[in-house]
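Each of the next two complexes has chain A plus one more chain, namely chain B in the first and chain C in the second.
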Partner chain A sequence: MNANPDTILAVAGLTLARGPRHRPEILVDDLSLTIQAGEMLALVGESGSGKSLSAAAVFGLLPAGVRRIAGSIRLQGQELTGRSERALRAIRGRAMGLVFQNPLTALNPSLSVQAQIAEVYRVHRQGSRTAARARASALLAEVGLQDLSGPRDHYPHQLSGGMRQRAMIAMALACDPPLLVADEPTTALDVLVQAQILALLARLQRERGLAILFITHDLRLAARTADRLLVLYAGAIMEEGAVADVFEAPRHPYTKALKAAIPPLPATSQRLFEIPGLPPPPGPPPSGCRFAPRCGHVRPDCRDAVPPLRGAPARFACFHPCQDQ
Partner chain B sequence: MMRVLAQRLATSALSLVLLVTMVFFMIYATPGGPAYSILGVHASPLAVAALDRQMGLEHPLWQQYLTWWIHLLHGNLGYSFTQHAPVIDLMGSYLHNTLLLDAVAAGLAITLSIALGLLQGATAGRGLGRVIGAWQIVTYSLPSFFVGTVLILVFAADLGWLPPGGIRGSTGGPGFAADLWRHLLLPAVTLALPLTAGLSRYFGQQVRHEYREDYVRAARARGLAPLRIALAHVLRNAVRPLVTVIGLSVPALFVGGVLTESVFNYPGLGWLLWRSALEQDYPTVTALVLLIGLLTILGNLLADIINSLLDVQVRYD
Partner chain C sequence: MTETRDATVGRGVAVRGRWSAVVGDISSLSLLGGALFTALGLFSWVGPLLYRHSDLAIHAHHILKAPDARFPLGTDALGRDVLARLMRGGQTTLAISLGATLIGLLGGLLYGMTSGMGPSWLDRTLMRLLDAVLAIPTLVMMIFFAAIVPLGPISLTLLLGLVSWPGLARVVRNEALAARGRDYVRAARQFGAGPLYIARVHLLRAMLPLIVVNATFLMADMILGLSGLSFLGLGIQPPHASWGGLLNSGAGLAVIGSWWLIVFPGLAIFLAILAMNMVGQGLLARREGP
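Showing the complex of A and B:
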């Protein structure tokens, strides 16, 4: 795993579960991924597919009742699992930043954004108040909020949604972490602001050589922004590879169905495609492919064994992959 | 801001007028009339008629009502027949003691409530949170005459560490402040205990609510330590509604003082109310009821003003 010194994040065999130990409900099953410096990996999946939970696991902030039963998480070669809470605290915010879906609720309403950015810097770098304040100003300017980089304080409610998300990104970058995790960073924003935030992330990725884990349910957005895609379904990887392979020529029927479900632009009066059925509820792992009950190409052997991830460079977990159309 | 303030002031003024009017009719409605209740059940009709005339009760109702207002505005709260002094003077000589005791008790209660509430909110659903919750119910339910008596028995009678009551020992001079503190401690604790139970429970709920907010999760993801999250983030947001509740507790503190001051024989307004009620000193009781009403109105007004100031600070800073 450590062969490449540019590997920022390497998750291997991550398995998350809740419920009783003898009969656990598997929420994320054997997730492996790597992100290089200067690369953006999009984790794509429906609600409940385990994307945000995986991000929480990277930060060591799993919700109560959810536990990691297997797997390793390495940040710049350092193993994060099994570390004390204290050790993890020193890493969170300093070596990895997290951006949330709703920038209004993720900002403390009664502290100025400047103070909240400066706080991260002071906590991790033990800098002086003035140094932290100067750092906050520089970061705000870097994320395109030059107007807020003066000496005046600005509170979250004085900012627009897009400005708030920019401030959140500045906060996540306060200590120049090599890794940024953006959990649905544009879902709460309107389309124009969405594009601006994605452009900002792409610029930071390029200029800072930042590794970005971009979590989204929107395949089109992921394909437009990221370098590589990882498609999750019911907690397991369905397909993974470069955008050019996975999005342009999906091999897995699920990815293909997701792509078909993207509403066409410009809008037509045709009925939109939807994947029939619902994702399975978390429970004991099914025998066979998880997607089989909803799959349009299902064959009898799909229900007998779990298809392993195969293929190169793009990998997919399907016995009967779609051929290039 | 000014508009809100003007609105609040107008509401308070209206409440005040209603309060004074209600108290007036309360006296008027005493069974047998005020003179009868002052002089007692066995008073002769002649004596009642004489007192009626002396108190102006033979005039029509509207005239009495006006006179009531004029007297109030001139600071004339009537004359205490049992203490042989104008009620206003009587109140003046006890007021500062009550203010001192209530301030100490309120300071104690607020400090304890913030500490307990933060702990309770941060440990909600776990052992410590449950222990604090049980403690709140017990201390809220214990009557102050019981708590006061137990404290006197333990700390004054058995251990002899603190005086059992009163406000100062026989010695004056150099050790005056220390002596005053020793006298204040037990009644202040007695008064603060139920107030702390209510305030900390309310504050604990606020803290618990804040802990579920996204910004707390975000703060954790930035590697901030739990203590820092509690003090620099959660406290700031949870404390604002507490201001209102503290404002509303001012009259409760005063009313609680009636029993506490009596148990500790502490010469304050509560003690005066207790004595006056026992001795059927109606003018004094009436004046103190008016004062409690006034405190309620002022507490509300103060809470509103502080809250709008806090709000403005965030909004227009």
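Showing the complex of A and C:
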């Protein structure tokens, strides 16, 4: 699968853990994914399922105490794991950009938006101060902030949440990276602005041929925006495939349960569906399928062995997949 | 604190001029303190240009003269002009204090930044070391060093600078730790910024208000520290003047009635420290909000 020249990001067998070496707590277990140029892959999962941690691993910025114990991360065919901090610094921002969840805190309040975008060029030593400034203005116009592309400085507190998130996206795109990682980019925004930001991401994906890793807990949002879905549960892949397959006809009971948990529109007086129980805490996973304790379709053999990923074109990790609805 | 309160979203909205925005952001207490301190600076440096009398010339027939028309602040036991000495003493006192403050600022920034940005083992080591340094009373440390080095303006500046940085180092380190966890610093790392860049652009900017406030209080401390040393005879050596030194040489004589020998230098020290504290207090109030 690495042979494809359009493959931007290829993660294989990524396993992240924390705690003592002899008894590590596995946080992300054997995660593999690929994203092609011009494709948006949505990483869907509950809080603590390892979505953001996986993104941090791609950037080589794991939080203290968390380490990668296996797996490879390839960006445009280049292996990123095992590189020095210095080498990674040259790649961050230049070959991959990141958009944060909360645009209110991700911008420095005492620096103008233009200066903050220009600083990405400066950090990567691309062009003079004035050139960086001009490119920042052009970028702001590209993400729909034409009003800010003039010579006057604009500070974050003068912008609305949606404008700030656009500015963040401009910052992430400053050095034309082939890969954009968007970590819950719309969670802090209201619904209308959410739709605008998603439309912007889709346009950039189309116009720039950008590969986007879209991290979200919102299955419906993911299905509406992304090309492919990857459903994570407790650090492991449950199901992966094109939106048409995974969302429209989920085979894994977890995906199906997630879909059923989407509140219906228009609202009915019915009680909302919820998945019973809580995700397992990090630590030695329950034997067998890790979703078994909460699964509505659980059978005795589910607890005996870990179901491997199988199926085509969509892959799922379940012994007793749901049949067509 | 840098927020301009009436800056509104959108273009075409009149934002106050730069100068009035700056003055509007500084409290009147700070302005008053600043004016007072400027007046003391003018007194020390511009004063001698207007009042052309030597601070070292001895008027043997005018010993211990009370203030009159010829010697506005009187003369000392050697018949030297107290006003001229007060001006000259202001130059040494203020210059040395300012130099020491700058050294303390630089040292505190470097040490605190290294500790706050570095790995946790380095942070722990540097902070324990700082605890040890802070455990020694400042005055005792200054007296110890003052006893073993030749005393001059440069050595005194270094000496005061040496004891001035630890408090600031701790403040800087704590601020760096707090700022390091902010989202925009994390964002900068994701964009490929290195630690030096982050320290310079983001951390320094975040802690600038605090540093300015601390520098003013530090300056007040340095004036007091230098005056204390001079009063103990460990400061600027006679015949050269400093405010603390004038106090020292006048203390014994004041008892027998030469009040002008201690009142004026004492007032100068008092006003200088008051001015710096007013500046600092005013900035602090602005930083913390009304």
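A few remarks follow.
We take it that the second predicted complex is superposed on the first by the 323 of 325 C-alpha atoms of A that agree within 3 Å, B and C clash if a C-alpha of one lies under 4 Å from a C-alpha of the other, contacts with A are read in each partner's own complex, and residues count from 1 in each chain.
Here, a residue touches a chain if its C-beta (ideal position, glycine included) is under 8 Å from a C-beta of that chain, and two chains touch if they have at least 3 such contacts.
What you see is a predicted model; the values in this text were computed from it and never measured.
In the model built by aligning both structures on chain A, chain B clashes with chain C. Of the two partner chains placed by the overlay, chain B and chain C both lie in contact with A:F59. By the touch criterion defined above, A:N108 reaches both chain B and chain C. With both structures placed on the common chain, the touch criterion links A:D147 to chain C but leaves chain B unconnected. Of the two partner chains placed around the shared chain by superposition, chain C is the only one that A:S160 touches, whereas chain B remains out of contact.
Shared interface residues of chain A (contacting chain B in one complex, chain C in the other): 59, 61, 89-94, 97-98, 100, 102, 105-111, 119-120, 123-124, 155, 157, 168, 171-172, 174. Interface of chain B with chain A (complex): residues 213-215, 217-225, 228, 232-233, 236-237, 240, 314-315, 317.
Residues 59, 61, 86, 89-94, 97-98, 100, 102, 105-111, 119-120, 123-124, 147, 150, 152, 155, 157-160, 168, 171-172, 174 of chain A are the ones touching chain C in the complex.
If you check the complex, the residues on chain C that touch chain A are 2-3, 7-11, 182-184, 186-194, 197, 201-202, 205-206. Contacts from chain A toward chain B in the complex involve residues 59, 61, 88-94, 97-98, 100, 102, 105-112, 119-120, 123-124, 153, 155, 157, 168, 171-172, 174.
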